[in-house]
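For reference, chains read A, B and C in written order, and residue numbers begin at 1 within each chain.
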Amino acid sequence: MFENFLFLSSALLTLAGALGVVFTKNLMHACVLLLATLFGVSGLYAVIGADFLAASQLVVYAGGVIILMLFAVMLTGGTADNDNKFGIEKVAAMGSVKTYIYAGLTVLVMSFTILKILANYMRTFEPGKLAPFESTVEEIGTLLVTDHVLAFEISSILLLGALVGAAAIARPRKG
Amino acid sequence: MVSLSSYLFISFALFISGLAVMIARKNIIAILLGIELILNSAALNFAAYARFVNQNIDGHLMSLFIIVIAAAEAAVGLAIVIRFFQIKETIHIDDATQLQA
Amino acid sequence: MDYTIWNVAPIVLLPFFAFVINAFIVKRFTSLAVLISCGSILGSFFFAAKIFFDFINKFSENYYIHKTFTWFDLSYANMPFKMDMGIYIDNMTATMLFMVTGVAFLIHVFSTYYMKEDKRYGRFFVYLSLFTSAMLALVLSENLISVFIFWELMGFCSYSLIGFYYEKEGAGNASMKAFMTTRVGDVFFLFGIIAIWSVVGSVSFVDIYAAIAAGKFSGLLALGLPLATLAAICVFLGTVGKSAQFPLQVWLPDAMFGPTPCSALIHAATMVAAGVYLSLRCYPLMEVGEITYAISIIGGITAFGAATIALVQTDIKAVLAYSTISQLGYMVLGVGVGSYNAAFMHLITHAVFKACLFLSAGSVIHSLHDHHTHAHVQEMPRMGGLRHKMPYTFLAMLCCTFAIAGIPFFSGFVSKDRILGDALLMATHSKWYWIPTILGFAGAFLTAFYMFRMMFLTFFGEPRDKDLYDHTKKEKISWNRNIPLLILSVFTLGLFYAGSLTGQGFAKVAGERYEWFQTLITKPVVSEFSSRTKQAFSFSSTPSGLNFEKSQYDSSHGLSEKEAHHVHTVHHIGALVSIVIAFSGVFLAAMMYLWRKWNPGFWVNTFSGWYRALQNKYYMDDLYIKVLIQKGLLKLNNVLAFIDMGIYDRYIVDGTAFMNRVFFTVAKTTDDVIVDGSVDLTGKSVKAFNVILRTIQSGKIQVYFIMIILVLTGYIWKLSL
């Protein structure tokens, strides 16, 4: 019962947030709606017993990436970039009817394809008996330093590279 | 109600939303938001398959790496956005048609 | 006992790394740079000391280390052209390494006192480090080419240090003069190397010895001379340039423009000795080229002539400079009369006492500060009575003066007397050798005279410049001023070099083991070298074998009893004559300058023509400038300039340019019409095609993205459905 409630509310939050990101006119709102989506996804993780993933999702996305996004929005002048530096009005940055038509067509093609695949797959799928929940943290920790240690190390190097690269790219320069 | 098909549908919805955002928006940061949505849909898929099909936690690890990569991508992407803004004073994607500053 | 490269390489590399590091940090961290320089040379001294003591105590006298690696190999078919680099250490090298590092370290220490207030204090040490590493590398070299490389490197250091005070008038000219004069010798040296290469096919000392033993030089002629003679003359001219021998000695007195410690290190102790070292290394070549008599004549003339010029000098450093030339003349004389061992011994003893003399002179000069002109005083007429002001410097200088003048029991007597004894021995065999012998003995007399003249003028009598004297502080013992002088003056005792005074059992004061010099330094016997094989240059230890017992010193040199008796007699006579003339020289100096019984002015007036000639250094500088440079080189210069501008420039260069212009016009037409036309055609066709593609390549990311999605969808439909 609680599981179903959690799933429903999370799914609703996710889908509503995603739709909001697509259709809002304000970039700041879009960021906040994305945050709602991420919370929803975290709840969905929790429903299927992925406790560590849910926590990581909250910490990394909600705590890190969205804050970063908001900073970037503020540093680049928020939504008020309809004018470029020559004062000429440009296409609305958050999209116009034309771009939405392009997007709708592409999405139509893509979703048609994906749904076709999913339908095929669902017909043959027989869910087995599900295991009871248990904490995944210990197992993830063990796997990270045994079977997946190479990927783990490479991702650490990737993060370091991203850190240094971001600092190097964004540092203010004279002239 | 909590089943693979519902998860796959949510994941599909997230992916489609992300795709729509990436094509419809002209603001670079908004496009980055779309990328985040797509990455989330992929991660959710991994976790769902791990739960309902494989019944182990290798999928969790994959989702974890996706989160890590998303964080790195966001950091670098936003750094590029800020740098781009410093140079061009705009974050309109159609201004970014040339490789040179 | 095994040696690896790590026992040897630090000797050279420590000073070299000190040079590299200091070259970067010297401006900011001057005192650290000085510390690094001194520390590195101390480190290489320890490594050299280990090698030296192993060689004199542990190894047999024939022990050697010879390691090479291939530098480059350009052999083609049956034309061998292969150059090796490497190290060659025998007893002589080991002794030389020990002397050079020891003297260099003491001079480094003294420099921290002498150069302290100089505004280019740090840079001086940078040059010193470079010089020391070059000198050590030269000593370790196993072939003539690497000798030549480091020889030139030392020449450069000498050049920079002579011009160290480049604000001073004449310093720049002096450094240029030194560089150019030694260059004359160096060019001939290079010719010599080429001549040797053409015969031996290698420039390694060992290969040269082996080739001489195999008689490869016999019967070859070049320019109407035997090739061996030609090569020997050329190599010896290198020595003449570097060691300031008779025709090319003019640069060394001018080299005194440099700071006194560098004069001590470069222009007295080590660099100028490198020339003699080269002659000793190439001694078998000199023998087979039969130029030993010429060498002895050159040495005798230099020894005597420089001593006569030193008689009239008033600058304390100039006296020492001429005495250096004179002593180098003795070494060359020793090489010429076949006194291999004694010549090398004189090289070592001279390095010690002459370094000490220069440092003492530096100590005196540094203390005498003229507060009117704010300059240091080095003119002897303004000195006098200084022994009360600086007693420790006085004592050190006195020891060294005893040594150089040939007073018994000091090192100079032992070595110089052996050279003169061997010269006398040669003279009893062949009457032509009387000329260098008598020149040598006369020079010894003059040496005693002018050195004591310098001592009396500087330290004894009444102070002649009262004002200067009163302003001079009394000497206080300081570690970096007096300790180097003390150590060097202790080593002027003859006991360290030989147990007996003549090396032939005469006046024996200690046992056989003090005769290490006689035992260890022997003429290379060329026939021994044919069977030697080179060792590979490796980083692991390679036992070189040959570790048999030391043989006892054989004072008879394998001669028959009658001959040995003759040798002994001659050496005893030589020793006695040496002692007599040394003391008579001292007595004459004392009569003139200490007791003032005889007036030197009388001699000046009587021989005024000679006096002027001596003061003008026998007019040799003028001769070179007027005759050689103005009459010869400038004329040659004009001729060359005419050839260059009138012939080459007008006909060849301009003609080539004209031909080029004609050709160019033809080429341009072809280019414009045919080549460019086809290029344009390609461009135009590409451009036409381009119009289609350009509309797709908009640069808009989202367009690309849509395309990617559509293509992807297409694939999915094709593959999965």
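One rule holds in what follows: a contact is a pair of C-beta atoms (placed from the backbone, for glycine too) under 8 Å apart; a residue touches a chain by one contact, two chains touch by 3 or more.
Note that the structure is predicted; figures quoted are calculated from it, not measured.
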Most distant chain from chain A, judged by the mean position of its C-alpha atoms: C
Selected pair, greater C-beta contact count between A-B and A-C: A-B
Averaged-CA centre spacing for the pair chain C and chain A, given as whole angstrom: 77
Computed distance of Cα centres, chain B from chain A, in Å: 5
Residue numbers of chain C (touch at least two other chains): 702, 706, 709
Junction residues of chain B, two or more chains touched: 19, 23, 94
Residues of chain A engaged with two or more neighbouring chains: 99, 102, 106, 110
Contact footprint of chain B on chain C as seen in their complex: 698-702, 705-706, 709
Chain B residues touching chain C - in the complex, by the definition given at the top: 19, 22-23, 93-94, 96-98
Residues of chain C defined as touching chain A within the complex: 702, 706, 709-710, 713, 716-717, 720-721
Residue ranges of chain A in contact with chain B within the complex: 3-4, 7-8, 11, 14-15, 18-19, 21-22, 27, 30-31, 34, 37-38, 41, 44-45, 47-50, 52-53, 56-57, 60-61, 64-65, 68-69, 71-73, 75-77, 79, 81, 84-85, 90-96, 99-100, 102-104, 106-107, 110-111, 114-115, 118, 122, 125, 127-128, 130-131, 136, 139-140, 143-144, 148, 151, 155, 158-159, 161-163, 165-167, 169-170, 172-173
Residues of chain B that touch chain A when the two form their complex: 1-10, 12-21, 23-27, 29-30, 32-34, 36-37, 40, 43-44, 47-48, 50-53, 55, 57-58, 60-61, 63-65, 67-76, 78-83, 85-86, 88-92, 94-95
